[in-house]
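The structure appears right after this line, and notes come after that.
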Amino acid sequence: MKKILIANRGEIAVRIIRACREMDLSSVAVYSECDRSALHVRLADEAYAIGPSAPRESYLRIDRLVDAARRSGADAVHPGYGFLAENEDFAAACVGAGLTFIGPTARAIETMGSKTAARGAAKRAGVPVVPGTEDPLGADATSEEIAATAQSIGYPLLVKAVAGGGGKGMRTVVDPSDLASAVGAARSEAATAFGDPAVYLERELPRPRHIEVQLLADHHGAVVPFVERECSIQRRHQKVVEETPSIAVTPALRAEITSAAAAVAKGVGYTNAGTIEFLVDENGRFYFLEMNTRLQVEHPITEMVTGLDLVQWQIRIARGERLDVDPARALTPTGHAIECRVYAEDPDNNFLPSPGRIVALRPAAGPGIRDDSGATAGLDVPIFYDPMISKLAAWAEDRPRAIARMRRALAEYLVAGIRTTVPFFTWLLSQPDFSAGRFDTTYLDGVLKAQNGRPFVEPAAGVEEMAAIAAALHTALSPARPPANGGSTGGRWKTEARLEGLR
Amino acid sequence: MKKILIANRGEIAVRIIRACREMDLSSVAVYSECDRSALHVRLADEAYAIGPSAPRESYLRIDRLVDAARRSGADAVHPGYGFLAENEDFAAACVGAGLTFIGPTARAIETMGSKTAARGAAKRAGVPVVPGTEDPLGADATSEEIAATAQSIGYPLLVKAVAGGGGKGMRTVVDPSDLASAVGAARSEAATAFGDPAVYLERELPRPRHIEVQLLADHHGAVVPFVERECSIQRRHQKVVEETPSIAVTPALRAEITSAAAAVAKGVGYTNAGTIEFLVDENGRFYFLEMNTRLQVEHPITEMVTGLDLVQWQIRIARGERLDVDPARALTPTGHAIECRVYAEDPDNNFLPSPGRIVALRPAAGPGIRDDSGATAGLDVPIFYDPMISKLAAWAEDRPRAIARMRRALAEYLVAGIRTTVPFFTWLLSQPDFSAGRFDTTYLDGVLKAQNGRPFVEPAAGVEEMAAIAAALHTALSPARPPANGGSTGGRWKTEARLEGLR
Amino acid sequence: MQHFEIEVGGRTRRVAVARTGDKFAVTLDDRTVHADVARIDAHTLSLVVDTECPTGATDPVRAAFEVTIAPDAATGQLIVGVGPTPVAVAVNGRRARRRDEASGGNGPQRLSAPMPGKIVRVLVKSGDPVRARQPLVVVEAMKMENELRAGRDGLVAELHAREGESVDAGALLVVVQ
Amino acid sequence: MQHFEIEVGGRTRRVAVARTGDKFAVTLDDRTVHADVARIDAHTLSLVVDTECPTGATDPVRAAFEVTIAPDAATGQLIVGVGPTPVAVAVNGRRARRRDEASGGNGPQRLSAPMPGKIVRVLVKSGDPVRARQPLVVVEAMKMENELRAGRDGLVAELHAREGESVDAGALLVVVQ
């Protein structure tokens, strides 16, 4: 393996380029129209345009990606996460074109991509699953049959798309009378989002924590599970903050849940990197939720507490190397790591996306900080993709110090031109419930509801005064924009001020 | 302790501000005239001007620093490294003004600041020192007396300033007939540089490695030595690259040399952070060289392999906390870390300083990289201070991977407007001798001599062509600077090109 | 001396700026602070501001601030970032036109698409009574479903959003009266 | 089409730039490459360049380069950073005046202080013969002692440096003839 095409964009493409460079491999970027100036294009060794900005015309075009691989002479493809990373047709197309797909087999992606099939695989491995239907609801099942099935599972329950992901095609049902309409809505949403209307039913656990286990598996039978990540801080089923290890996982639970994860992976002959997500209930019982057959967004925190490079291992596994990682090391965290997903969203306006030009950007740095980003000053945050601009991760000796370090990093993170979720994280990380680890997957939606649109960071009076002072000075000193009711001494005054006052 | 005045500038001031913020302490910056826009001023909670740019009128003015501490209501002072960090009068003045000095006692600074007194302290602790005179040469010693002393030590030898540092006031003597003039030159240089002409003689070891031991010591008798750092890559006695652990140190030698370091510190009742430097000869025998009674430039690599925050520990020790660090942990490195000191110097022009405006800067980032910097785009590198703009550190599982990661980081480090030592590091880290760890303190001066002014990175033909192409495109597309023998289609062409060609 | 009317946090403050040597005296309502200003780049200022102790008993504290200043295209305001806190500021009446519309007050609320996207759900019908912060329309954009909410209590006077339709940024979707 | 004479690595190359659609055809001596250019900021370009296989047997490789371009105040050249490699480039005869003087060639070498500092050692006397790269004067600046060396063989024709003296940037120190 000498040259890797990266079938992705943004920070994860940059992450993979870095791994390639450290391994002395050439990297090939692909880009859509609006990504021509993106950082991954600037950092890669080669770059190929693959079409218009809309993902279905570029980053989701299997034909163009395979063609770019052929033109560049790449011998392998890394899919990153998102886009085609969990698309078995893409994995198969790569292999069909003689390219090494840096990920699991198409067959493993297909099996674990069906939530019901994945639940079956977990059960066969002896791993508990959330109570629910074993198979998708029949397309011709009557309302009465569905209601009876639901009754046997118990309420509240979730209607979930078999092909689901990212909280789509999912409905909570508390009252049995809402069941039929929820099934209908979920089916239609699933059909639109995934091209597959199949849904199934699953009991909704009351206040679960989201605990997941990263795995690596080679082509020689080795499967290594890693210390768990906790991703319970979610907004509408989307992860927002992740950390490792979990404050809620005892050594005994860690041993159990990581063994369970490895058993599931072994059962399906899984290879490369993957993550098994579990729900853990208030009594510490865990249930298989689903498997992600790819690198996770939040992989850096696992790298920080274990010192292992997951992307480099993906590449090494794909080229046939043996996974000679000490299993105890993978399970033993050194210190504590937290990741905040910095999004171009306005937290004080219902987290609406805030695309636009980043006019100034100085990410946090210094001890214990890792910033994985595809953003630089001067770049636009495009409207076509996930608006994540940076994954800010902090490592420290223990959880309180990691939180303190992350707060420090957020305080020095400088960005202008777009709104970001930085102020929201500043607020969240100062909540006593967060510090105490008192949260579950319902926590954030609950506090957001309680916040009811109030700003997360209400500027203190002093801060508002400073903003007023800064705005006045900025306006007074800007040549291009004389104030409407300007100064008495006119233009020369301003020039002098610029020359002398501003050093 | 609530508020710390940082009596320093640049990256180390930024480093200390970060520690303060993580510990919920207020930080007070001081700045000279040319540092008004410096990053440490922007990041601190408060900032006080302390005078003109020349260090002796600002950062070396004890009265102004103590006054700024008083005005700000600071209750402690961190001196950083350099400037007044090893000045016992400053430590005493802080204590006299009721401020906690975050460092050792004035007495410890004074004792260990004299090279001959420090050698005496090492000997009393049973630690071998490089053979040499126990006391400074008498000011009235005759040439014959000095020659006899030199003969008893053996040639080659070094004439060294008692108050020395940074390679100043030092002369190598190979031929006995050069002794008298070398002593005279060293005395006069020492008098100028340190205000103290005293010199002593020390045997010059043939090909020593520079190995140093970081220490922490609290006010309750605990002294903890850390895994060694290797700093043999030096240019004219100035460290250029540091790494930890050393490839040349066996577990047995580590146990011995760290115990020796702790014994010296205990013997002088040392407190806070300090570093004991040793020379290790080709047979693995070590000799006390000197002690630095402050935080070292290269402390980040120790933090990276031990996970301990040395600056936070300095503050905790200063406020009386117990040093409850597991000694085994401090001695057991996790992985390997390397630091490159990125200087504003032109390596291809005899490392002449390259002050000026940094017009573009994008430091390296991503997995395993730590960038401690006081530089940002738009800032001038002042002519008055050490021209270091960044300490770039890479951590990885092992030494080869740390080198690969550092090379990746150097490749993505983007800086324009000044020359830096980045191309030199790119060259150095690809040298087989460096990879193999075959070096000693004479290595770099030797290869620099052999290089004899040839550029470190001779641009490949392809790179020169790309530079020519880029320069042509840049000129063609820049509005302000039409080419002398410009295009045939005139101005409109260029505007169009700008509008359409450049997206 | 220059005078500004600056609206911040719902209050309009009178600000006067005068040079005093190499610093600036900034009078905010009736309090004057002395600011030392350094421009870092087009969008960033470093301020060192003398903050007087109210009783005058001690020396002024010289507080350091790094602030970013960038226009908010949506509202015409300036967003001033003071540390991690973004503060919306209107200078001399450059007020929040679109944000105003969105956030209620007097007159009808005209709810527009803040970004190009696809209408995935319309949650109200024309004539429906709505409450402030009630979700009205869900737009999918940037891989997320984004709820657009009512800024005030009222009735749905106009409804231009249709499920499944693609819309451009700025397209009028709902008017609440 | 625009034409440039570009000196790089001691050679002068003729470069022609022409627009071809949204790219540029750049002809370097007799070889043409197609470059797609994006300006990142005033000093940074992203280039994606079609590099033809010499035999034409395969598709061109589309090599990506991020380059920085900044003038070198000391020489008047452009410093083009291609990855970590700085390349000095002179466009249309904007040649290295000061660097030229310093680096020998024809005519006397006029050695000036590259930065303000203090002369700590003068290692030659007027009339001394010197060899290329021989240290002549040591200037202390930025906490370092910096050796200034002869750029060519010759004789010390003028000596203006005195030990202990402070000098400004650009001050003439030695002339070697």
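Which chain is which? They are A, B, C and D, in the order written, and residues in each are numbered from 1.
Throughout what follows, a contact is a pair of C-beta atoms (placed from the backbone, for glycine too) under 8 Å apart; a residue touches a chain by one contact, two chains touch by 3 or more.
Everything numeric here is computed off the predicted structure, so don't read it as measured data.
Shared contacts of subunit A and subunit D, meaning chains that touch the two of them, come down to B. Seen from the C-alpha centroid of subunit A, the farthest chain centroid is that of D. Interface comparison, B-C versus B-D: the higher number of contacting C-beta pairs is recorded for B-D.
Each chain gets a centre from the mean of its Cα atoms; for subunit B and subunit C, those two points are 46 Å apart. One inter-chain figure worth recording: subunit C and subunit D are separated by 48 Å, centre to centre, where each centre is the mean of the chain's CA atoms.
Subunit A and subunit B have Cα centroids separated by 39 Å. Distance between subunit B and subunit D, defined via averaged C-alpha coordinates, is recorded as 29 Å. Among the residues of subunit B, those in touch with two or more other chains are 36-37, 43, 376, 411, 503.
The multi-chain contact residues of subunit C, meaning those touching 2 or more other chains, are 38, 41, 66.
Because contacts link the chains in a way that matches no line, ring, star or complete pattern, their graph is best described as other. Across the complex, subunit D is touched by residues 29, 36-37, 41-49, 71-73, 376-378 of subunit A.
Residue ranges on subunit C touching subunit B, taken from their complex, read 36, 38, 40-41, 46, 48, 58-59, 61-64, 66.
Across the complex, subunit B meets subunit A through its residues 14-15, 18-19, 21-24, 36-37, 43, 300, 303, 307-309, 334-335, 362-363, 365-373, 376, 396-397, 401, 404-405, 407-408, 411-412, 503. On the side of subunit A, the complex with subunit C involves touching residues 82, 166, 236, 238, 350-353, 355-356, 359-360, 383-387, 410-411, 413-417, 419, 422-423, 426, 452-453, 457, 459, 463-477, 483-488, 493, 496-497, 500-503. Note for the complex: subunit C touches subunit A at residues 1-4, 6, 8-9, 13, 15, 17, 19, 22-24, 26, 28, 33, 35, 37-39, 41-45, 47, 49, 65-70, 73, 78-87, 89, 91-93, 114-117, 133, 141-149, 169.
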